[in-house]
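Take a look at the structure below.
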Amino acid sequence: MDAVLLTHPWSVWTIIVPLAAAVLAFLVPRRAPLAGIITALSVALFVAATAYRIFLAGPHTQMLGGWQAPLGITLRADGPALIMLLTSGLVGLTVSLYATGYFTAADRQQRYFWPLWLLLWAACNALFLSGDLFNLYVTLELVTLSSIALAALNGSPAALDGAMRYLLAGLLGSLSYLLGVALIYGAYGTVDLTLLGQTVRADGLSRAALALMTAGLLLKTALFPLHFWLPPAHASAPPPVSALLSGLVVKAPLLILFRLWFEVFPDTATAGMAHLLGILGCGAIIWGSLMALRQQRLKLLVAYSTVAQIGYFFLLFPLARGEAAATAWVGVFLLVLAHGCSKASMFLVCGTITRLAGHDRLAGLAGAGGTLGARLLVFALAAVTLVGMPPSSGFIAKWLLINAAIVAGQWWYLATIALGTLLASGYVLRVLSLAFTESQSPPLPVAPRILRWPPLALSVVAVLLGLAAFHPAVLTLAGAPVSGIILLEMVP
Amino acid sequence: MTPGPLLLFDLLLPAVLLWLAWRSLTSSDLFRAVILFIAFNLLLALAWVRLEAPDVALAEAAIGAGVTGTLLLAALTRIESAAGRRLSRPARWRPAALVLTGTALLAAAAGLLWSLRLLPTMPGGLGPLVDRHLAESGVDHPVTAVLLNFRGYDTLLEVAVLLLAVIAIWCLDEAVPFLQQPLESPLLTGFNRMMLPILLLSAGYLLWLGSHAPGGAFQAASLLAAGLLLALFSGASLPAQWSGLPLRLLLVLGFLAFLAAAIIGPLTGRALLHYPPAWVKPLILLVEWLLTLSIALILTATVIGGRPTGSRPYPPPASPAAEGRQR
Amino acid sequence: MSVPLIYTAAGIFLFLLGTYGLVAYAHLLRKILAANIMGSGVFMAFIAVAGRTPGAPDPVPHAMVLTGIVVTVAFTSVALALAVRIARTSSRVHLSGRDEEQ
Amino acid sequence: MDPRDILSIVFLLAAAPFFLAGTIGLLRFPDVFCRLHALTKADNLGLGLIVIALALQADTWLQSARLLLIWLLVMLSGATVAHLIARTALRAGRKPWSGRS
């Protein structure tokens, strides 16, 4: 039994199964939800098997077609990829369950949601596992195109507009990335990440290529000030789609950035470049939080909160240079997992509230006791992780980041994290305070069970992950480009 | 390649390409802009030939100029019938923004050009490695070997992207005809009668050629798509009972076959896309043929630009001759 | 200056020209056109920069550019369908929030 | 120099004026019908001459035959497309240029 468990390439099936299911869902729309649920369960299973294998036998690779790099493409199942797969499995399973209840059979949206989402899922998993610069381009395009189609799913003018913005920004980003890949191939004659990591020279050409690829990926991951396309696209999509876009899709270009900066070009990137990204991250945290505080619609508030949370991920670039590298690395990857779960849960709650109340204007939700109040409690539970209160996974992640900032002696990042947390509690409390406002709004119907339980389960998982963060933390470092001890307690 | 007698050509061609691109971007009439863009793509195909990339040249002429050109023209017609005809000029910018953007672009150009001097003088490409393993790949043409075997995974995902495009387009809208009525002309009838078989034949030829010379599934598929579009513009249409499951099945057939071939590996203890040595050739051939069929339909579907409605794309044909042309 | 470098430089200029067009024009069709020109520039730079190897041309970048061309067509077709849909639902051919085109 | 090469050069040189004339016509003629006239007639002839020049240089008969086939196909589609464009223009109400204005 163990022999099979420890040698079979389980991770490959997280790509193949959704691909095949997407085709089936396209062919037989009536059976699409069933295909989606079966896929969701099996992907979760395959992710678990991959985790088991990495935990016991370490990271592993697979040469596709039997061709060794640089001729062929290599898939790599290592720690960073695994954390992304875990996020993908958790968010994907929950959103799939929710979507079976959200979209009704008579709905045209359902007919296209499933094939598009399953393709997106396959693309995300393929991207997380890819170890090849050009293949990353193809998977990234698959991710972007399916996200765009999903963002435009409900066909409202706002959604179409948001999708178009997303598409144009995405095209600009991916072509910039591809030009960087072209320069790299011209200089080194390979696009394999591992081989490049051994041969890249820290010269002007590498810097130019890195700058091009980074610029393109920043646009795709919507780092401030390149975030202009994200709030309209995320806020006007159907809620299950918003959950996927915020919880899963923004992390795809992020992982490529991490791989580029820490595996391929560790010596090329200068401290100045790293701090530039860190400062942009700080800008994102503050700007996104302030914008979230000012929003009048619940979904836009959550979307701007994503702009802010993306900022935290970029603190890795300056903080992972030095002795705190492993601490910052684990912190950021835990944050990816925590944010994925909590943000997806929040968008799903938004969806349920909008379904019940018919709108998501904050002013109109005042006095939302009763059924709506229960939804807001789930929102609050997800927010515990988002804000980073103990004992949630968000707390552990931020704690590690703060430790890393202290060790690195970079106080301004510490200050930004603190300020960001404060602002986050501000906008979350703004929503929660609604539940306690007096008003005479008529009582609302109870939401169906399938629209209530998945977001709750996801936010509970996000909190509980904080209590069981040890294994994910260890797994994050399997095959990671940084090493060292995780500094859990640091007295300044 | 060193500058030789063709130096003048090598200076002129990029210059003309840049000029065409510039004109296509700045001409205020969009129809003119699209035509200039098609001319740009055709000349680009010439540049590919000069750069010794005949496969890319074929694809550029067929897909870049042909399919993209058709897509743009079709979209332009639809947009103008929905929103009216407009001239397109650059948005009015504040001078500061203009200066900033201009400086950024010029700085990027300078930086990139300056970094080119660091390119190694004797780069090591993957050419020799491809040649060494060509015999095991199942095909004799290096580019096809890379596409369908060495980097077949890229191609698998690329076909997924194409399929995704059709699903996305179908999700967006119903098919809107962009011709008020089918093209009709006695000449066209005769032309179709001759050209459709020729297109079918040359698509098969290109596909067969792909195993040992420039050509292959994508180029063949665009020829086939051209034939389908020609028939469509002349008034042919898909019977309503075919536009449901049968059409969807044909659209995904190539991808499904590719996917099925890919998982033989993991099911038999090999890597994904690792074909059993004895089956390499027939498997690749089968996948390639089915891919051509599916891609041709996918390209056609993208030009039609919406999900099938089940009704006829045009009002009933004006002349009895149009009936005879349906095939 | 060798021949591939001329084409590499031309590719880079095409890329930047397309970037300018994508940013400067509001009409969606023009933006899509500009993105295609960007793409052509990238592909040209890719082929040219890898075309400096002595002997037979390297097939790998050729295959990659073929993939790139097909992916770009897929993007273009979705972008155009989206633009048509926007024109049909709201009778405009630019993104909201921009000045009406003259 | 091989007489075949000389012949090729002669045909190529003969082709150039036709393309030049066709292009000038396309740019300078007053309406769509005149332009079509210039383009299809002059360019088809020019292409024919180029095809002959290249066919002389081909290694095998098959290659020459394929070059000729290209010419035939271009003429065929040129004629059809020209007719379609002219017909569409006429139906759209474009009046052929009559020498005045």
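Labels A, B, C and D are assigned to the chains in the order they are written; within every chain, residues are numbered from 1.
Keep in mind that, in the parts below, a contact is a pair of C-beta atoms (placed from the backbone, for glycine too) under 8 Å apart; a residue touches a chain by one contact, two chains touch by 3 or more.
Since this is a predicted model, take the numbers as computed values, not measurements.
Student: Identify the chains adjacent to both chain B and chain C in the sense defined at the top.
Tutor: Looking at chain C and chain B together, the chains touching each of them are A.
Student: Give me the two chains with the most inter-chain contact pairs.
Tutor: Contact tally peaks for the chain pair B-C.
Student: Could you give the separation in Å between the centres of chain A and chain C, each centre being the mean of its C-alpha atoms?
Tutor: Averaging C-alpha atoms per chain gives centres 28 Å apart.
Student: Please compute the C-alpha centroid of chain A, do the same for chain D, then give the distance between them in whole Å.
Tutor: Between these chains, centre-to-centre, one finds 57 Å.
Student: Between chain A and chain B, what is the separation of their C-alpha centroids in Å?
Tutor: 32
Student: Counting only residues that touch at least two other chains, what does the list for chain A look like?
Tutor: Within chain A, the residues that touch at least two other chains are 134, 138, 141, 145, 148-149, 152, 155, 183, 186, 189.
Student: For chain C, give me the residues that contact two or more of the other chains.
Tutor: Each of 8, 12, 18-19, 28, 49-50, 52, 58, 60-61, 64, 67, 71, 74-75, 78, 82-83, 85 in chain C touches at least two other chains.
Student: Mind pulling the chain D residues that touch 2 or more other chains?
Tutor: Counting only residues that touch two or more other chains, chain D contributes none.
Student: Between the chains shown, work out who touches whom and classify the graph as line, ring, star, complete or other.
Tutor: Here the contact pattern is something else, fitting no line, ring, star or complete shape.
Student: Chain B touches which residues of chain D in the complex?
Tutor: 73, 76-77, 79-80, 83-84, 87-88
Student: In the complex, go through chain A and note every residue touching chain C.
Tutor: Contact set of chain A toward chain C: 134, 137-138, 141, 145, 148-149, 152, 155, 157, 160-161, 163-165, 167-168, 171-172, 175, 178-179, 181-183, 185-186, 189.
Student: Hey, which residues of chain C end up touching chain B in the complex?
Tutor: Residue list for chain C touching chain B: 1-10, 12-14, 16-21, 23-30, 32-34, 36-37, 40, 43-44, 47-67, 69-71, 73-78, 80-85, 87-88, 91-93, 98-99, 101-102.
Student: What part of chain A is in contact with chain B in the complex they form?
Tutor: 8-9, 12-13, 16, 19-20, 23, 26-28, 62-67, 70-73, 75, 112, 115-116, 119, 122-123, 126, 134-135, 138-139, 141-142, 145-146, 148-149, 152-153, 155, 183, 186-190, 203-205, 207-208, 211-212
Student: Within their complex, state which residues of chain B touch chain C.
Tutor: Of all residues in chain B, those touching chain C are 1-3, 6-7, 10-11, 14, 17-18, 21-22, 24-25, 30, 33-34, 37, 40-41, 44, 47-48, 50-53, 55-56, 59-60, 63-64, 67-68, 71-72, 74-76, 78-79, 82-84, 86-93, 101, 105, 108-109, 112-113, 116, 119, 122-127, 130-131, 142-143, 145-147, 150-151, 154-155, 158, 161-162, 164-165, 168-169, 172-173, 176, 218, 299, 302-303, 305-306.
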